[in-house]
Amino acid sequence: MEFWVTQIFNGISYAALLFLLGGGMTLMFGIMKIVNIAHGAFYLIGGYVGYVIVRHTGNFYLALLVGCLVVGFLGMVIERFFLRDLEGQEIRQMLMTMGILLFFQDLLLLIFGGYPLSLDPPDWCSGSINFGIYYFPVLRIVMIGAAALAYMILWWFQAKTRAGAIMRAAVDNKEVAQGLGINVYVVTMGVFGLGALLAGFAGVIGCAFTAIYPGLEFEVLPLSFAVVIVGGRGSLKGAMVGALVIGLIDNFGKALFPELAYFTLFFPMAIVLAWRPTGLFGREE
Amino acid sequence: MILKGLGSRGWLLIALGVAILVLIVLPPILPTFIVILLTQSLIYGIVAMSLDLLVGYTKMPSLGHGAYFAIGAYTAAILATRYNCGFGVCLLSGVGMAAGAAAVFGFLALRAAGVYFLLITLAVAMCVWGIIYQWMSMTGGENGISGINRPDLGLPVDLLDHVYFHYFILAVFIISLVLIFLLVRSPFGRTLVGIRDSESRMKVLGYNVWLHKHLAFIIAGAFAGLGGVLFAYFNRFVGPDEADLAQCLEFLLMVSIGGRGTLFGAGIGAFLITFLRNLVSVYTERWLMIMAFVYVINAKYAPEGVMGFAKRFKMRVEVAV
Amino acid sequence: MNSIRGGAVGHALECQDLTKRFGGLEAVKQVNLQVEAGERRAIIGPNGAGKTTLFSLISGLYPVTSGRIRTFGQDITHLPGHRRTYLGLGRTFQITNLFPTLTVLENLVIAAMGLKRMKFSMLRPLSTYRDLYERADEVLKEVGMAEKRDEVVRNLSYGEQRQVEVSLALISNPRVLLLDEPTAGLSPADTAMMTEMIHQLDSRITLLLIEHNMDVALQAASRITVLHQGIVFEEGNPKQIRNSSRVQEIYFGSEE
């Protein structure tokens, strides 16, 4: 029993991280039909920015804020100047995002060196909460909380605000949205920035939770891809479900069959792809 | 005046002839380092050309081509080191496994098109990478498989010598080039171009488009596997890097920078990228950033690659003359 | 290959209660159609009536939601598109659908190859299959485009492209030919040429014609089916349709 509870908890906290990473990518995929390889860089940049802020101010919350904003802004710039013209051309998009990823990988390597860095979260985040025989690390709880909060804010934004409705319209059918007077370009840039922001947010938390180092951006990519594939294009709910599915399966897989670790990550992907190529919540194209 | 009547086909064949001549005549007098790079370029050239079949000729954006390269490489490596199989067995098995994998994954990938196809091929490549990484007993995991000996072909020369091995690879490359070239000009090859230009039109003309795409996918996978087998013997070591995302993208870059859909472009791209990657790192630590620039500039400003540039240059020359 | 039904061979083309739904929208509703061999049938109707959707259902590009399609008695409802071509179905597209980077000749050669087994040949160059090229040249001469044979299709005028569009469909000797708005966007001169080409078609071919140009439709067809909002609104010979006030209403009526 203890095993199951712990594993489920770990799976959910892992899913939280996956949601932040994959959710951002899902949004980008939804608005631009682009598979953003550079997404890993957003995660990494967020982590490093967070590290610098905490180093200089000791303020974790500031680190979160600045990390989000810097990466979000970067996302918008990249969409506007590097990706906008490549709409619909998958090969060029792939090459472009790869180039951006490599650029940041090397830049960050140059600035921060190759050693893993981590930042210290605020004191109340360390330690664990006790429920009888169960120990739940506070930081994991914070991660779950952060992801849940992000999901709720995004859901509210999409479902209840005018801007959110505009965004949904643009994702659904760009041409019609444009015909209705929606400035699709602003929406695209905004969504891209939002997706990047989520990744940056995840990066700061990741830096506190484990560490960041060059090369990590490649490691987080498969995870993000998995969420997008399982969840489907542009669907926030899909990203959450995808993150939970992947997080739980992968966690249980690692615990029960450690030799098959990556297989348990990609196996649900293969199943979903075989059953519904556009993802669980994606629309039929 | 002869120049004008030559046509682009003529120019290409002359250039190709010169290139092959250079690759035969020069190696004995070039530094070993360069010969090794040439050999590596030829191997990657085979893989790049096979990817061009998909990306350039059929418009199937395959992001997972490295998977078949790796399957070929690992099959040959395992058979050669653990079971002491001869070259012939390793070659056929490597190509066979890669083609088989392409057949199976093709079923999965071809359930979608465009960016979803891309996503599925990407997922497949990561599955393969993950399996390679985790299946330690079979693949050696992170440590890969080392100690692969050069093939024993019963020739009077020692294939450990870089120049002789280079000639061996060159021979296989030329055979592959001829085969793929014939394929591209054959009826089947032209149907791929038709599919690229208009799938719906092909369907109403009586073509089973799915079947053609699947066959193209398998053939491309087979040649990628061939490249993998050759790589195993060349490098004498294979590791999970052979299947990772960066490798898959580098193959794509080779095709793109040479010029999609031109076949020769893929070969040129393979040489360019291999040399760039290895020579730049001699002069600066920032070779990764330089690669990044190559990716970005190719994607944004020069998507038609070297062959596209050459075509436009030739048109300008013809107008002037 | 014809199946015998109740003693008769079966209509050249038959649609039975054909319905196509896209999500919430019913583009084609319970359409019943019977076209006899050699007939010239025009399908007309205002925009959005479902005409091109109907063609896409018949040619197999869309799966049907319900209903049946038969050609010469054979049920093709669930056959993939390319198999229907084997049974003699040919089609042109409303939006010109050619191979833009290839020459006119190459377009036709690929079309000529569509039903042949040698399309899977992988080692012999295509250029050695002279019979394909001869057939292509033959069709080009028939439609009067022989001089344009080596032009890249992208560079042709719109009218010339429409002509190539029709020749692609003709080259496989279809038994049932679906022409989707062949005169769309053509100048009066080109329209006359296209009309003439349609007129010259082999009388054994069964022709279904979607046309927006009423004159062309009424002239070319022996029988007319009017579609409106996905259903068969009216059917009759040209004279009846020309004089029908109901038909006039859906085109010019107050509800528009």
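In this document, chain identifiers A, B and C correspond to the written order of the chains, with residue numbering beginning at 1 in each.
In the analysis below, a residue touches a chain if its C-beta (ideal position, glycine included) is under 8 Å from a C-beta of that chain, and two chains touch if they have at least 3 such contacts.
Values in this document were obtained by computation on a predicted structure and should not be read as measured data.
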Quiz item: Both subunit A and subunit B are touched by which chains?
Solution: none
Quiz prompt | By mean Cα position, the chain sitting nearest the middle | solution = B
Quiz item: So how far apart, in whole Å, are subunit A and subunit B when each is placed at the average of its C-alpha atoms?
Solution: 33
Self-check item: Intercentroid distance (Cα basis), subunit C paired with subunit A, Å
Solution: 49
Quiz item: Distance from the CA centroid of subunit B to that of subunit C, rounded to the nearest Å?
Solution: 42
Quiz item: Mind pulling the subunit B residues that touch 2 or more other chains?
Solution: none
Practice problem: Return the residues of subunit A touching two or more other chains; collapse runs of consecutive numbers into ranges. | Solution: none
Practice problem: Can you check the complex and tell me which residues of subunit B touch subunit C? | Solution: 179, 182-183, 185-191, 193-194, 197-198, 200-209, 215
Quiz prompt | Interface residues, subunit C side, partner subunit B - complex | solution = 59-61, 80-82, 85-86, 89-91, 93, 97-102, 106, 109-111, 113-115, 118-127, 129, 168-169, 172
Quiz item: Hey, which residues of subunit A end up touching subunit B in the complex?
Solution: 29, 33-35, 37, 82, 85-86, 89-96, 98-103, 105-107, 109-110, 218, 221-222, 225-226, 228-229, 259-263, 265-267, 269-270, 273-274, 277-278, 285
Practice problem: Please name which positions on subunit B make contact with subunit A in the complex. | Solution: 55, 61, 63, 108, 111-112, 114-116, 118-120, 122-124, 126-127, 129-131, 133-136, 244-246, 249, 252-253, 256, 260, 286, 288-289, 291-296, 298-300, 303
